[in-house]
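Here come two complexes built around chain A, the first alongside chain B, the second alongside chain C.
Here is the complex of A and B:
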């Protein structure tokens, strides 16, 4: 939302209540570790974000189709299986194919530092590593992701 | 246990001390925390004295090691007879990679094997399934068919080494393959010893590697109970696991309560299937987490033994004392390790392992310092194993049995742990047992609530974790990490395709159709059919796909 600047300008106020940020929290792959995903889903919901949680054992196709159906602004993936180097790029590829490049993709889990720059280069907006607080993720979502109007 | 008159005196003197000297000191220098609590956020008192233990009866509540109710231990000599089994959970890459790691660990003085399978195996998919892409060999070893099992246990005599296998959804299939390997080595089934985890109820609660819905899963489990009672008497048929419930964020009480409630459900299912309780109960074992709160954990293990003994004798009327004994494996808590300053994890693991030993564990896995980052390197796993050996050989704690028994604090904590866990069990009974409770999402919700509560405490700095929200370092010392060769997937896929090409196709088809028919007839035991299928090199994915069609699949209710 741009704010008008300069002499004589009035500060714009939103004409209608802004749509809430919509985030899909996803668990791609076969790993069953959902402690982190559930904590993040709850914390985002408590912070006023609309959260759709996919549940476990999702294929990349299932995640992208849920994201399209739910018209989300961002996708947060939790991967603790070591398959991140396959799953993130595959989901990015599917998002591009569906012309959903504007959906912000972020994630976390057991992801070695060495892999992070490669994932970011491929289009992952942000990778959170173990030890990240709930607030850091809530702040990131609020600052980085804008709801579509 | 104590003279009541003297206890009354203790209570009076304690009150005087509290109101006098203690109160004065607190006024001058207040405690450093508002509230002292365990890692499960149970409040802990300043001092424990004997007066609240007036009802504790030594003979009835504690007794002697190897005797009911086993609070002090399940064997009369405990670690003076034989140390606990040092059993490191291992598996990565191909069967060849893991076979080499097994041999390395045995050469370092490890005394039992424990197999970690990769996710496709845990979920009942072959490595060439589209569901397996990117996951082959990543989190464990890839096992698709008997061929992989032959390589995995090559050169390891299965009549001498016991193997534990963490497998649940497809436990029956992997166990059948293990038996087929033993047969190929010339080891008769009655000499094969080991454990399959085979605890499907905690999969629904916490670990989530399921295939079928609860009812058909319970049928397969009772098939295994009956089959082993007759054919593989040295096999531990279910390792009833609190470990994963705790890792998913439960409290110590919840871990204890939900695990014992799972155990109750299995015993009831076995009895309902017509197997006499004393025929299968002695081969049930337990698996607990060793979390960070030292005394809370020790109390948990002691309470678990006493609870199980009472439940088996009083609720299920088991007569064989082996049915009353809660034998357990322990693993240190993976979720307590930090990615920050990872070498500190060695210290965490040592403390947790010590609690397992002081709690009387039968076997132990110590985590490696690098496990928040990757599967362990050889060097890291060696330090973890040496930690156990130092506790066993140098610390002196294995010299006597239950050294903390009689501690005012530990006995009160043990009592409280039992009372609170029994409250949960009564609630689950009222819901109609654990299967019904799971269907209502009850334990899942309790665990998620506890996990969220703990994370909030950490984020608020109310629970301090060194390197994470306290004593942070600017510079981290990197440690070497294990990398899985990405060619593993290609090679594994090729091998499985070759197995399918080379086997007797007619025989494989016949085995699968027998399995399909058997699964539709509730009175047929599926184990012999699965052993036949394994012998014929039918793959795990093929067996599971066949049963998915007849038994159905379970999907995550996705609550948060």
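Here is the complex of A and C:
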């Protein structure tokens, strides 16, 4: 994952820094299994992303409030509790209310295949299921999420 | 004042969040807004919290926030975590311990990555504190990156500096070294329920007592706390209040503001001058030949830098005087 080339980060020549992608990674709901979320956070860090990690047991309101204060480009959620059909749409609703439609919402976890098209229709950009490699998620973030203008 | 500036003064958190991001990303337009906001700053009380990684900074900031909210004060928090030197990415995890305030509209939390800046803060920290100040936050807490011994930038930015020490971090020689232990206005022995807390406390107290304090000068108290259980937080805030009174005494506040102004100016100049020098050299086709000469050891960087510096400044433009009339201040011919 981490390539120790030391490229880009420790800025030797003072040039205007480009925008960095900022993504909030959090775990809404009641399940306490945060290993997956932590691995994603770490992988995105290694891909050069600034990850705001908010931890466990987040309500949709907490996630959207943090996303607003941190001005993130994307929100990645790990949901293993089965409550995805409530949590994702509620977060989308809150993002719309706050005029934060430009924030890309994606997620993963134990989510039945039948539910995925419904979630996507409601505005979830992408849902990853068990078996997804870390590289797939990193590639998705790099291709899909751009720092805002 | 532009629209973004007016919205921020009116307390619009989203506009403030976007400006903070733009400042962190060094977007030139953001500086224009900050210029207009600058004269609305200077009202907030700035509290710095520093200490080694794992000392309990986030946990303590969370506790302090809870108590200050009970007093009806609005709070801004700037929490800094390190950027990976390899990927340029970062995991900003200070919010984890502050999530009880996530829905409180009186608390604004901004997580920042160091992005290669040394000194315990990010390059953008002062700018972002200024935005929170202009927003009308009563108290701004700055949580530094987990520091070692020499990351002391916070001392010039905060009115009151808390230095967290935890038991079991080395022998008593650590306590007489220079660096972060010199910058404390208040020492907090956190995790004081652990073995070695009394020893740590005695060492810090001894170190403080070895310094000479003038009549009326602030002498840093050494307090014990267990931030995880809120033990000692009330006493800590009483000490902060006493230091607040001390700082607002005649003369002290102006001295603090002048020192902060100096840091602000020097930091901004540093960035701008280096940027301008390097890009001007490059634009005139001089940079690459100079680097090549250096690589071949035909030229040395000291002479080049002296020449660049001597030909760069035009201070007479600042005060209307003729060049060469500035005395001392590093201008030698």
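A few points about this structure:
FYI, the second predicted complex is superposed on the first by the 131 of 149 C-alpha atoms of A that agree within 3 Å, B and C clash if a C-alpha of one lies under 4 Å from a C-alpha of the other, contacts with A are read in each partner's own complex, and residues count from 1 in each chain.
Just so it is clear, a residue touches a chain if its C-beta (ideal position, glycine included) is under 8 Å from a C-beta of that chain, and two chains touch if they have at least 3 such contacts.
Quick caveat: nothing in here was measured; it's all calculated off a predicted structure.
After overlaying the two complexes on the shared chain, residue contacts for A:112 are found with chain B alone; chain C is out of touch. Of the two partner chains, chain C is the only one touched by A:98; chain B is not.
In the superposition on chain A, contact is made by A:62 with chain C only, not with chain B. By the touch criterion defined above, A:50 reaches chain C but does not reach chain B.
Legend: residue contacts after superposition of the two complexes on their common chain; A:71 is shown touching chain C, with no touch to chain B.
When the two structures are aligned on the shared chain, A:41 is found in touch with chain B and with chain C.
Touching of chain A by both chain B and chain C, each in its own complex, is seen for residues 41-42, 45, 51, 53-55, 59. Residue ranges of chain B in contact with chain A, taken from their complex: 119-120, 122-123, 125, 130-135, 138-139, 203, 207-209, 247-249, 335, 338-340, 372-375, 448, 451-452, 455-456, 458-459, 468, 478, 481, 484, 555-558, 560.
Interface of chain A with chain C (complex): residues 2-6, 8-11, 13-20, 22, 41-42, 44-55, 58-59, 61-62, 65-66, 68-71, 98-100, 147.
The touching residues of chain A, when paired with chain B in their complex, are 25, 29-35, 37-39, 41-43, 45, 51, 53-57, 59, 81-83, 85-87, 90, 110, 112-114, 129-131, 133-135.
Across the complex, chain C meets chain A through its residues 13-14, 17-18, 20-21, 25-27, 83-93, 95-96, 99, 102-103, 108-111, 113, 115-116, 271, 274-275, 278.
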